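Since the structure comes first, as structure tokens, the remarks are kept for the end.
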Amino acid sequence: VKKFLNNPNDVVEEMLDGLIAAHKPYLQPIGNSRRALVARNGPRPGKVGLVIGGGTGHEPCFVGYVGKGLADAVAIGNIFSSPPPDPIAKCAVAASGGAGVLFVYGNYAGDVMNFEMAAEIAEEKGIPIRTVLTTDDIVSSPVEDKEGRRGVAGNFFVFKVAGAACDRGMTLDECEAVTRKANDRTYTVGVALESCSMPQTRRHNFEIGPDDMELGMGIHGEPGVSRERIRTADEIVDTIMDNIFKEMKAEPGDRVAVLVNSFGATPQMELYILFRRVEQRLAAKNIAIEANWVGHYCTSLDMVGASISILHLDRQLTELLHHPCQTAVLTINTPETP
Amino acid sequence: MSESAARALAKMFERMAEAIEAEKDHLSELDGAIGDGDHGITMSIGFKAVSAALSALDLDAASPSEVMSTAATGFLDAVGASTGPLYATGFRRAAQTLAGRENLDLPACRDMLAALSEGIRERGKAQRGDKTMLDVWLPAAQAAATAVAEGRSKPDFWAAVTSAADNGAAATATMVAAKGRAARVRERSLGHLDPGATSAAALVRAMAEAL
Amino acid sequence: VKKFLNNPNDVVEEMLDGLIAAHKPYLQPIGNSRRALVARNGPRPGKVGLVIGGGTGHEPCFVGYVGKGLADAVAIGNIFSSPPPDPIAKCAVAASGGAGVLFVYGNYAGDVMNFEMAAEIAEEKGIPIRTVLTTDDIVSSPVEDKEGRRGVAGNFFVFKVAGAACDRGMTLDECEAVTRKANDRTYTVGVALESCSMPQTRRHNFEIGPDDMELGMGIHGEPGVSRERIRTADEIVDTIMDNIFKEMKAEPGDRVAVLVNSFGATPQMELYILFRRVEQRLAAKNIAIEANWVGHYCTSLDMVGASISILHLDRQLTELLHHPCQTAVLTINTPETP
Amino acid sequence: MSESAARALAKMFERMAEAIEAEKDHLSELDGAIGDGDHGITMSIGFKAVSAALSALDLDAASPSEVMSTAATGFLDAVGASTGPLYATGFRRAAQTLAGRENLDLPACRDMLAALSEGIRERGKAQRGDKTMLDVWLPAAQAAATAVAEGRSKPDFWAAVTSAADNGAAATATMVAAKGRAARVRERSLGHLDPGATSAAALVRAMAEAL
């Protein structure tokens, strides 16, 4: 697998050089740590701070969601590796406006251990920390073990809601509660056609046969939950939506937000073909799409594949979804008053 | 003998770094099959950071406990991931156990192994049979305790410890993962060695060589 | 090569289903033609209309650049094929606000013939048409044959400037002139590591050897201008920037806009690594980056590769670059008054 | 004989569609080597659209000229690309030449080929030797003119025309492209057949079979 690289061991540091320079208008390093970045226009006194983070290789996650109205700071690990406690704690300090700090990150053993150690450090400094783990990958564990599920591309919605809640001046309790609700109402299923390859090895992490696909694929190049024969785009979406409908208790007339996300190498054209079927399936149940995003929002290096995430809205979530924000990859404006 | 105990530990970490470097690709491959394919890279970054941190330490003045806690911080700050908190906690616990000790005799080695595995267990909340690095560290610590209780010689002690570690690592191939990323693939993890257990066995062998 | 597809012959129609549904807030079909889409919030009386278009397979080009402050209408062809005259003419009619219509599209034989035929139809209806062909691919022809060059990802900048000029109420003459200036000052070079594959064939259009790369790659999967040994990311950027510096007459203190664009399968992480070196090279010449974009802006299906585009700014171009716009992939806001 | 001339043309377009369908993959492959790999697909979409447009036409009432202009519009609206305007203009020019004619005799065929190639030349502003479809249509039209001037029989006429077309197509392999996408790869186009010339030769053969 060919890539644009210098020394593969420097890939994260060089990427950070590039992204810190590219996104200067939105964020800046905290002190001299390049693994902890803070929104220029984010933290403010009295506001709950939002800290997100995780490994690299998911760009534009997580750094693209840092900015006014969304996350206040991001901690950055190595490829597919949680950041250590130190930069996370730095983020908490930088994001703190005296009203507490909310940690939102994916439910992975590594992230949990590191963020928990960071929370201890921050609390020793008098910053109250609350944590919401994203667990939107509904095929990663059965429904009885909902808390054991991992967080994938649906964290996009959870971050958005959390950031809006913080920006509106809600209390730490309220921010935590509505973020938890957003996570509970977010449903994602991913499918991979080819595995990703690490810059250091430039080999596929594992092989998927020429007629096979991997259902329930995560965002770290780890295998999914079942290997199946590849099917048509519509059949794949049907499988995904059937899984989602099994859990999402949506009534006719309900509204949802939809994210069709590329894992990296799947191009936009195919995402639109997937979105087409998602829209058809929702319309057939008389569920309206309030807003949608189709593109690269949470990737897995150069993996070929895509995921579909649905956020089941209620009035509060709808308002927070539309709350304005300005970050490197997501700008939402106040609707013009006509 | 403070000097030589601290130096012995530093040498142990050097050996560990070499062992990981030699197995790096193999470890990533194992992780690719049931995890996210980075275990070799992560361990390599971690032990390089340990070497760097220790080379900044004055080994003539440092205690064994200080060597251990320096390694813990160096590892953690460079790595994150699952292994960062797990090994950092293990090394920190070992540092506590070694506090005040200037001698790396067999009881000290036994206590160090016990503390290390206990730290990993506490941080990761895993148990034996969960198909993790604990399936190496727990039996190794146990073998160390038995060997000391039975009054074994140093070579016998390390032979018992490394063979327990190797057996533990090999046994992970027959387990279904219950912790970490591999737990998501459930039954599909069967038949694959756990990468964290494999690297742990290599670390134990490095310890045996150095101490 | 595996893809998310139903019947490969339906791929464009199905993609259109998806994108028309997904981008409803920004655009709508003109009459019952799905190959001609108009911005909901675009055309208005007295404003010069901006019509863009081209083949599909370049998503988010061209449809993502339709909306308030940018293009008024887009004509959509088959994969890598110019649209026929009919939808282009429909776009011209829909975009017309009585002040004339500007066509901006890439300089390809097919597009030129179809847009020219459409221009004839529109002018028969009394709509004055001006055309600016984008020709930013500086390695596609020597500088003596500047007009023979093809248009690639740098059309992003040309569209942006043209859309802003139209939105500011400039005359057709003025819009044409400044758009032409933007094109003259836009410099792009692309590099491919792997060729793309068409949905119908699912084979690489051509093979690039395991140690080779294709320099001067276009955006249609057609071969580039030379096959070279693959090099490090920094060396590749150096080659590209050397080519650009050879033509761009930038003085120390000048300002530029930068676009680092993925051709489809190259992930964001690698784009940041490329951007890093671009920034270094510009900084060494004391050229400042006024704004930058790093991501998927003009793709070539699932091609592995990237292009670098530089827009050499002057005061007028800078103003037009920052002019607000709202489209599916590009939202620029009026700077907040502090 | 209005009916049979219109029907003969419709049959000709059917044959053309079949010929393109049979060569579709090969044409895309040729285009992949020096262009963007879509020529087979584009031509296939175009001639399917022609068939669809003609099947909506009442062939008992339509004139040959109407068949030609219907084909032109059907092709253009479905295709765009380079080939859309080129063939649409060619077919339109042929429709003009056939206007008022009810008989597809050899002079009519000669004029049709001349109009077709002239339309393509005007629209695309290419010349012989530029490595395009014109390197087939121009010699084919020329051979037709010569054959009529020399009073050749129908089989001889078409034999001369198809062999001129085939030779023209084959000759493109020795040319450096000066028009279309292939012109960008300059000398690297040498040794490759031009896809548009190859499909043009197939179309000429389909014409010969049908008329």
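By letter and in written order, the chains are A, B, C and D; residue numbering begins at 1 in each of them.
Please note the rule applied: a contact is a pair of C-beta atoms (placed from the backbone, for glycine too) under 8 Å apart; a residue touches a chain by one contact, two chains touch by 3 or more.
Chain labels with UniProt names: B, D = Dihydroxyacetone kinase subunit L.
Fair warning: this is a prediction, and the values are worked out from it, not measured in the lab.
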Exercise. Report back the single chain whose CA centre is most distant from the CA centre of chain A.
Key: D
Quiz item: Counting in whole Å, what is the centre-to-centre distance of chain A and chain C, each centre being its mean C-alpha position?
Solution: 29
Quiz prompt | Averaged-CA centre spacing for the pair chain B and chain A, given as whole angstrom | solution = 33
Quiz item: Rounded to the nearest whole Å, what is the centre-to-centre distance of chain A and chain D, using the mean of the C-alpha atoms as each centre?
Solution: 54
Practice problem: Provide the full list of chain pairs in touch. | Solution: A-B, A-C, C-D
Quiz item: Once bound in the complex, which stretches of chain A touch chain C?
Solution: 2-6, 11, 14-19, 21-22, 56-57, 59-60, 193-194, 199, 210, 213, 230, 232-234, 236, 264-276, 279, 289, 292, 294-296, 299, 301-302, 304, 306, 326, 329, 331, 333
Quiz item: Any idea which chain D residues touch chain C in the complex?
Solution: 25, 28, 32-38, 41-42, 45, 76-86, 123-124, 179-182, 184-186, 188
Quiz item: Tell me, which parts of chain A touch chain B in their complex?
Solution: 55, 77-86, 108-110, 113-114, 117, 140-141, 150, 198, 200-201, 205-206, 218, 220-225
